[in-house]
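Shared between the two complexes below is subunit A, which pairs with subunit B and subunit C, respectively.
And then the complex of A and B:
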């Protein structure tokens, strides 16, 4: 015991050290995170808090904000366009989450199959649309959807059918936008699902097969439960991005026809930067934030680990 | 490898089904690539032919590309996008490596809370931050400047998350050994940690580059003149101003895809590793 006490005591003494040295050592991690958090504070955390405070003011941009209490939130309650925007957003996001995830999962299952050839090639090729911006994909899809000169219209014309003007018809425009989003991101989610599928133990699958399980039963009872965390990740991510949809409707439809594709984030943009009602826009944005947070929590509860 | 195209293990579906699967995949792939092909073809069409019923141009013309570089500020937007995205990526790599290292290898008061705050910020919708910043930056007369598009992207939550993840896999013994040798903390970071973290750094750099390159809302709000637009805002502008100039817009779209596609093909491995790492481990 006395032999061992020597070095241990020395280490202890060293780690205590004189006060100046101890302080300097304690400061090290803070110095390392300082640059990141300086920017994070100015461009993310600060504005997020400030936005909350501004949501209780009337703020026209040039002049200073004037406190108005809960007025913005009360006004929002009777703002029909805001509810239209929220409704569109929820509906389009739900459609997007379901279709994108199912398509990606099906694609990943197919790519994961033991007999699949050219797996790498397909994985890469399906990911390609994700490398371009939403703006560019929207611009390109304009020439797919356009009523008279679009690719779909031209193809339909070949068989003598006159399709609708997909983006100018309030019943089809939301679907057209959602489908375009699925096109752009399906490969991305498929890659994540595929990585999850490949992490599922092959031993477990083999064991199930030896016990006489059919291929479908293996997928249903071994593979799918194994990718639950990955599915949660994809669903939460798709939900957030779906609820924050802006670029595509902004470019393809400007929220129209009527307000059929007006999303919540577009509405915030209009209020804030076209009508310069920045306080009101901040309030609308905070309502959307709250909705996003609540939905993410609900998804975690439903899809998350059962044993927690 | 048996050499047969459809080698079959007991659990595999019959060759016909495998064949159908491949055909379906190829068909789907055709659908996925179609919009690009259509945009490419359209960019070589004279204006009148975009409006007509045919599919292929009767004569392939490059007028749209000539007009793009001659009559618009396209090269300037391309330059702006490059400056902003490269700067954000380089700065972002440095900041997230430093912060990620501290979060992975030090214990300090506030560590959990700070990390949690950064991760939570990801779900905040875009205009929540943009609204106050617009007011502040307007007062500081900083609208229409590059830093406004560089600095926010350099403080990337995703980058921090990924670097912390990677740094925590580095062995503690290595760091301890360097300290016992009397290596200063910052030199230790630069000479030992950074070289080891190179793969993760590459991934973080690329992902920040992509998100900055593709970003629309920030430059839309903060860049107030044509000369300061980035590609997405410039292209969106062409698209709304000259409604009928589809050929020109398609040429603009096609050219803007080239840098990203090049980067993707060169660095595919890092990109895909980066995208899946976070998902499978969290």
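And then the complex of A and C:
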């Protein structure tokens, strides 16, 4: 035993080497991942923790924050505008998720169809709105939606209908904003759906056709179940993006008319950067984050249920 | 081993000495280093044009200061300066702040106290501006330019209906508007803006009518009948008299209306001429300008404002001396102030500059002197401001939207606005 243990121990000692070297070797992988974690700590985790702490303070940005406990959260409960913004956000996001996903899926199905020509061209064309500057898009849509000089108004005038000023009417303004966002992002989701569609086994589709299934039945019973994980991904992504809606209402309507298009993120922006109530804004943003997380979990539970 | 240690020490010492020298060199004032100091100035559109135009004059007198004039979106500047002051990095050396937003800044402690530069020349600007620029009896901003409300008008449209020139009072304006309004050609007398953006134009009406929303202590004026009456007047222009186009100011729709000749008059600050020169180039010579209408024949000749800006110097600023030179030049130098008028139409706050004959020179686009036609002999009234002014703007914007949508009468809208202000400011 003793004789056998000697060489093994020696081999172990050789493989480990001196302590300093071993430590250095052990540290190398951590040094490689250190830059990521340093950046993550400073630019992601740090602000998340800091803003959570600020949400319990009254802070105007420069002077020292004053601790106020749960006051900001309690005040939010009685803030009518916060609930208006939250309500607008929820229903605009819901509308956006449904319309954007249906439109993207329909588009992806079209692009995936065997008879479709110029597939690359259409794929690029539908993706292009994502690459256009938001400000440019907003100006274009302001002119499309404008009262009597707008494109829609002029088209309606051709058939003798006087259309509303879409962005100035509290009934139509939220729809106008959702439609613009759908236009911008539809191509992006369509590309993701298309990738999912192309991964669905052609053998399965063929088999269904041989069994006498119509094209619609193939889509309904083979293709759509096959892209469920992709759909879940797109729905969650669209939901988060919808709940964070800011650019379009900020540029097109500034939250108006009245508060008809005021979204939760706009409300946070107003409180934080226009009213300088940074602690209160942080509290509102945490409530919004909580809602986004809860909705995402619910979606995962509902849509992802059958995958398990 | 010894040799290696010495080498390392030498390297470290040399590095430290180099770093210290570089640090000290950086700390030394620019003039001591025999180089110019480069400062940044954040402003927007017509102000950038004005600043660029007067810059050569400034450089002649101050060869040691270079200014980088950065043209940004006005709202973006206000937010960026606040964030920069909060974080201590990224602030400009001199920034332009919308006057109504200014009261939010001094209390943050992020602005340099410029009392010793502004107080000695208090006599050179309006007493009303003094209170606007002060916080706890100290100056934290330098007066820059003011924007008096004026009316640009299409002389050809007026002449078609027998109006040879300026219209003196609001009742006369409404009568003329009813004749000039042409539904067939889709021509409106002037424009009125809804929403928070619409507060800018409404201010001109309120100020010229002598309305105050807040008293000098910053408390809400309660049961403000005059305020409600003015809002009613604003509403009636659109809904009762049907002479004004309801359009969001500065929206593409608004610019198209100007370009297509759908407005017989344009309510604006005097800076509006800059917009007309760009948006209605083809109509040069047709546009004229007149003073803001009076409320009645025996009413005083007063006008209100639309905008106005203040020069500020963030406290965390290493180039304060150079920043002050530039800010003082824009604020008090007659050539600087007149240059801003000639290249952007910012009406000088400097009383000395207001007396300069160059102010009376005609503007080629109008074919007349804007100063003489619309500003001379007009007193400018100001609203008392409160901190977090966007809150006031957003609230009245919400009420105006409800009013124009027919959900509230102007009186209800004003009353609800007042109640919201009482809750916020007492």
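Note that in this section the second predicted complex is superposed on the first by the 287 of 308 C-alpha atoms of A that agree within 3 Å, B and C clash if a C-alpha of one lies under 4 Å from a C-alpha of the other, contacts with A are read in each partner's own complex, and residues count from 1 in each chain.
To be clear about the criterion, a contact is a pair of C-beta atoms (placed from the backbone, for glycine too) under 8 Å apart; a residue touches a chain by one contact, two chains touch by 3 or more.
These figures come from a predicted structure and were not determined experimentally.
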Kindly say whether there is room for both subunit B and subunit C on subunit A in the superposition, answering fit or clash. clash
Quick one: is A:87 in contact with subunit B, with subunit C, with both, or with neither? Answer first, second, both or neither. neither
Contacts of A:61 with subunit B and subunit C, given as first, second, both or neither: both
Looking at the overlay, does A:225 come into contact with subunit B only (first), subunit C only (second), both, or neither? neither
Should A:293 be classified as contacting the first partner (subunit B), the second (subunit C), both, or neither? first
In the superposed model, does subunit B or subunit C contact more residues of subunit A? B
Please work out whether A:258 is in contact with subunit B alone, subunit C alone, both, or neither, and reply first, second, both or neither. second
First (subunit B), second (subunit C), both or neither: which does A:131 touch? first
Give one of first, second, both or neither to describe whether A:149 is in contact with subunit B, with subunit C, with both, or with none. both
Could you tell me which stretches of subunit A are touched by subunit B in one complex and by subunit C in the other? 61-62, 139, 142-143, 148-149, 273
Any idea which subunit B residues touch subunit A in the complex? 5-13, 18, 21-22, 24-25, 28-29, 32-36, 38-39, 42, 50-51, 53, 55, 94-96, 98-99, 101-103, 106-108, 111, 114, 117-118, 121-135, 138, 151-152, 154-155, 157, 160, 185, 189, 210, 213-217, 221, 231-233, 235-236, 239-240, 246, 249-250, 252-253, 256-257, 260-261, 263-264, 268, 272, 275-276, 278-280, 282
Tell me, which parts of subunit A touch subunit C in their complex? 60-63, 139, 142-143, 146-150, 167-170, 253-260, 270, 273-276
Touching residues of subunit A toward subunit B in the complex: what are they? 26, 28-30, 32-33, 35-37, 39-40, 42-48, 50-51, 54, 59, 61-62, 107, 110-111, 113-117, 122-129, 131-137, 139-144, 148-149, 151, 154, 157, 183, 186-188, 191-192, 195-196, 199, 209, 215, 218, 229-230, 233-234, 240, 243-244, 246-247, 250-251, 264-265, 268-269, 272-273, 278, 281-282, 285-286, 288-289, 292-293, 296
Mind listing the subunit C positions that touch subunit A in their complex? 79, 82-83, 85-86, 104, 107-110, 186, 194-197, 246-248, 251-253, 256-257, 260, 388, 390-391, 394, 397-398, 401-402, 404-405
